[in-house]
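In the two assemblies presented below, subunit A is common to both, partnered first by subunit B and then by subunit C.
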Partner chain A sequence: MKHIIIIGGGVAGMQCASELAQQGVRVTILEKEADTGGKVKNWHKLFPTFTPASDVLSGLRHKIAKADNITIKTGCEATQVTPNSVRLASGEELSCDAVVIATGYTLFDARIKEEYGYGIYDNVITAADLEEMFNKNDVRLADGRVPRRIAILHCVGSRDEKVCQRHCSKVCCVTGVKQAIELKQLFPSADVFNFYMDIRMFGPGYEEMYREAQQKYNVHFVRGRISEVSPTIDNRLQIKAEDTLTGRPLKIGVDMLVLLIGMRANDMNTTLETDSGLQRQASGFMQPKDAFLGNAESNVEGIFYAGAITAPKNVAEALCDGATAALRVSDWLRNK
Partner chain B sequence: MINFGFSISRPRVIDIDRNNLNKSKEIIAEMPELQACIGCGSCTATCTAGNLTEYNFRKVHTLVRRGEYQGAYEELNKCMLCGKCRLVCPRGINTRGVIMLIKRKLGDF
Partner chain C sequence: MFAAIIIKYVSWLRALPKSDLVLLGKGLVSPQTMMAIWEVVCESLLHRRIFRINKRLGYMHMSLAFGWFLLIVVGWAETVAYLGARWVPLQGHVFFKYFAALNGINTHIAIFDFVMDLLLMFVLSGVALAWYKRRNSAKLGMKRATQHIFFDKIALTALWFVFPVRLIAESITAAIYGGGGFLTGGIGKLLSMVVSDNILEWAYEPIWWIYSLALGVFFMAMPFSRYMHIFTEIPLIFLRHYKLRPQDKEKSYDNFEVEACSRCGICIDPCQLQQQLGIHDVQSVYFLRDRRYNMLQQKIAHNCLMCGRCEQVCPVGINLNTLRLNSRTSMRNIPNEGRYNYLRGKDYSMGEGRVGYFAGCMTLLTPNTLHAMEKIFTAARENVWWADKDGGVCCGRPMKLTGETDSAQNMMDFNKRLFKQHDITTLVTSCPICLRVFREEYNLEGIEVLHHSEYILRLIQQGRLRIKYNAEQTFTYHDPCELGRGSGIYEEPRAVIEAIGKLLETEHNRKNALCCGSSLANTVIDDKQQLSIATNVAEEMDSTGAKTLVTACPLCKKAIARGTRSKVVDLSEIVAGNLR
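After this line comes the complex of A and B, so read on.
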């Protein structure tokens, strides 16, 4: 029986595993963390339908549990990859007939944009922190009070060559609008201001959600990047930006600032380039063999990609990618 | 006193904390569709008054929403209510209705 190793047990890897298992090959998922689920397991609800992230994960886990030819190895970090073997950090080497790399992305470290005060001021949080608060049903300020005015800043660590991230992370706009709605649902009398550069509502239902945020939830949208955040004497946050649609500088005090941190390429991608001969893009994400007809293949025969390893992607796209990679792998095995 | 020709510039900053947002909130509550503006500028591009004067409806209503009412009423007086802006608005905002509403709310400014 052919054996495929999938590196990464996030949604793309899990989807790929369950599709491959149905085609009668033996699959091993290598997950470096203690549990599968990747970034999605820390998320509360998914745009634009507000589907609980846990629903998606339990659906995938259910499919995987039904298959008896999938092995999940958690706490396993892959250090070296060839089409026929994967070496683990423990030194163990696993042999296989093909590899699917589904290691996803790394969240941008908001502390690098020091001017926004993440890690310096109490009530500056990231979108990921806010999802954790939603999960715990505990959205509050550091001192326990309820926020009355909240700002959400788009493009933190995206479209910013000062932090070496020129690409658009694509999902943050939609997440920012989703979180604005969720905050308004929790605190109807609070004012929510989204500071954006462009609003990129690229998917079905996204634009409609944006309009709902504007019109139904009265979320304020200000076009302009926040230049700096500073504390006020009453322990709030003072924000400066340009309201570019009126051409005037703008100042506003808020209780909470949510930074929509972007997706950046994993550090491990450089190792994949040097040790496995895989091509990387300028953004640091891996380069698929072809943008159209070979989007699940790498430039190395027998190594495939699924999910946000090749570019920022949303959950639905990562799931599609997982299935696509499974098809390409089985095609390749058949024709080998 | 000797006049050296210096003067104090008024700050141009829009200070949301100092601005009185009550009128703005009333306007948005009465016509929530105004918040759906995506700032495309179609209204201003098609505006006859805007082509002949500095009148810019997009800018005026955005400033009003931020609590900057000074001069808005006078600006809106340049509108001839032809309604071309309403025909082109991609978000379907009743722009002429908005103009009438803002003028009604800010009449005492």
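After this line comes the complex of A and C, so read on.
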């Protein structure tokens, strides 16, 4: 029986594994963390339908559990990849007939944008922190109070040449709208502001959700990036920004600032380029063989991609990618 | 040649602004004149400064300048010795051998022949080095040599020919008429043995003609080529001793500095734009050349980090940064000055105290530094007047660096009034960019301006700040350009670091420190290019093995942090984190 190794047990990797398993291929998933689920296991609800992220994961896990030809190795980090073998951090080497890389992305470290005060001020949090708060059903300020005014800042570590992240992370806009709505649902009397450069509503239902946020939930949208954040005497946060539609600088005090951190390429991608001969894009994400007909293949025969390893993607796209990669792998095995 | 040079000098001197003429007048009769004469001997003849930078290049320059000078002086003495006590022009010796031989004068005085040959050999060794350098500059310690323009190449070629041709000419003379020292005489004897007399006599006239042509071409080209520096350095040294300096706006004095550039190209190697980014047409040598011939372009004038690494090694000591700045000022677009009207009456400052703290724009964007300073002030029980914690006006230096000196003045006036109004005696800033403009251009009489590294060290020495020392903590330090080369502050930050833990030095430090690459002075290179320089700097810092990378400038901190995953912090942060 052919053996395929999938690196990364996030949604793309799990989807790919279950599809391959159905075609009678032996699959091993290598997951560096203690559990599968990737980034999605940290999310609360998924846009634009507010589907609980756990529903998606349990569906995938269920499919995988049914298949008896899938092995999941957790706590395993791949260090070197060739089409026929994967070396682990432990030194162990696994052989295989093809490899699917589904290692996804890394969240931008908001501390690099020091002017926004993440890690300095208690009530500056990232979108990922907010999801965790939603999951624990515990959205509060550091001192336990309820926030009355919240600012959400878009494009933190996306479209920002100053931190070497020129690309658009694509899903943050809609995440900001989603989180604004969720915050308004929790705190109907709170003021929620979105500070943005552009609002890019690229998916089905997104634009409608954006409209609903404004009309139904009265979320405020201000076009302009925040320049800096400082504390006020009463321990709130003062935000300096420019409303570029009216052309005026503005200063407002808020209780909480949510930073919509972008997706950046994994550090490991450089190793993939140097050791495995795989091509990388200028953004640091991996370069698929072709943008249209070869989007699941790499430039190396026998190495495939699934999910956000090649570009920022939403959950639905990652799932779709997983299935595509499975198809490409089985085609390739058949024609080899 | 002399006419051209004199016309130039006189017109430049006449165009000097009044204040400079006053300085000149005052200086002329002071001891400065004697000191200037001594410096002319050291620099224009002996080239002491080049020696310090690179021994082989120093020898090359010295052999050419000092050797040629002595050839002229000794030659003159020789001529005088023959012609007796009568007026002999300095250049009288040039064809002395030629005419002396033709007129059948006995030119044998062994000592002169010997000395002249020795000197000729000295100069020739310099020419040989120069030839070699053109072909293989790396062997002489210059990775890159200047790319010369056509006119310079003509003058250069002529100069190269002068001495070898003189050697041949004098040797042939010696071969035919006898005489000459160990070199010309020796070659002469050899020639007379090997080559027939007919050929020697046939070659005699042409070779002296070639010699005189080479000399002629060189002297004709000199005032318009790089060799103008030979004479221009002399008045420059005098003027400098009289305290004349280039300033914000271009003025006539600048001509002396611009034309004193020999285009030696020593400024090219240290330039990080060249080392790291492969930009080869913006360095000071090319900037000065373009400015001299009125072909300076904005993209050249503005493509410079103003890190001062070239100024540090310039053997002529030209104020390269100031000249570039005043070029930028001349080339700027005149902005609408009305846009600064909103500054009137604004005051965002808070707190009260005799010590003022000015964070500056970049520190406000790196709030860790600001908070560390708050902690330090509290620990030292200092009452602080916060100039711009809640927003303020830029110190003006970034505008100055782009040549917008008038706009900068608006901001500077605003801040100066603010400082005076609040009656402070000490002004502390954590930004070297602000520090420099406060010290150099604000004229804050009665207010002592300190960089936070100096202030913190003072607090430690006074016992007002108690620090935990831990030898396990390892740091490396990046000298910010504006703090180090710009303000001469090298030791204070190091002393502070050594009070906290172990300091590991980088390969390039202090005066030779690298620039972080994100300098406000450069508006031409893009982020990617800045990052490439930053990565290089960060690699050097990481290679020391230190756990924490420290700098003392908010801009450097941001820049270096982009180039590494290691922890990059401001000096104040490690102090605040290790208070007892």
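One rule holds in what follows: the second predicted complex is superposed on the first by the 336 of 336 C-alpha atoms of A that agree within 3 Å, B and C clash if a C-alpha of one lies under 4 Å from a C-alpha of the other, contacts with A are read in each partner's own complex, and residues count from 1 in each chain.
Criterion: a residue touches a chain if its C-beta (ideal position, glycine included) is under 8 Å from a C-beta of that chain, and two chains touch if they have at least 3 such contacts.
What you see is a predicted model; the values in this text were computed from it and never measured.
In the superposition on chain A, A:295 makes contact with neither subunit B nor subunit C. In the superposition on chain A, A:276 contacts neither subunit B nor subunit C.
In the superposed model, A:228 lies in contact with subunit C only, and not with subunit B. Of the two partner chains placed by the overlay, neither subunit B nor subunit C lies in contact with A:84. With both structures placed on the common chain, the touch criterion links A:164 to subunit C but leaves subunit B unconnected. Judged by the document's definition of touching, subunit A residues 251 lie at the interface with subunit B and also at the interface with subunit C. Subunit C makes touch with subunit A in their complex at residues 364-368, 371, 389-391, 526-528, 531, 558, 561-562, 565. Subunit A contributes residues 112, 114-115, 117, 120, 161-164, 227-230, 240, 251, 267 to its touches with subunit C in the complex.
On the side of subunit B, the complex with subunit A involves touching residues 12-17, 28, 32-33, 35-39, 58-59, 62-63, 65-66, 68, 91.
Put simply, subunit A touches subunit B in their complex at residues 199, 211, 214-216, 218-220, 223, 243, 245-253.
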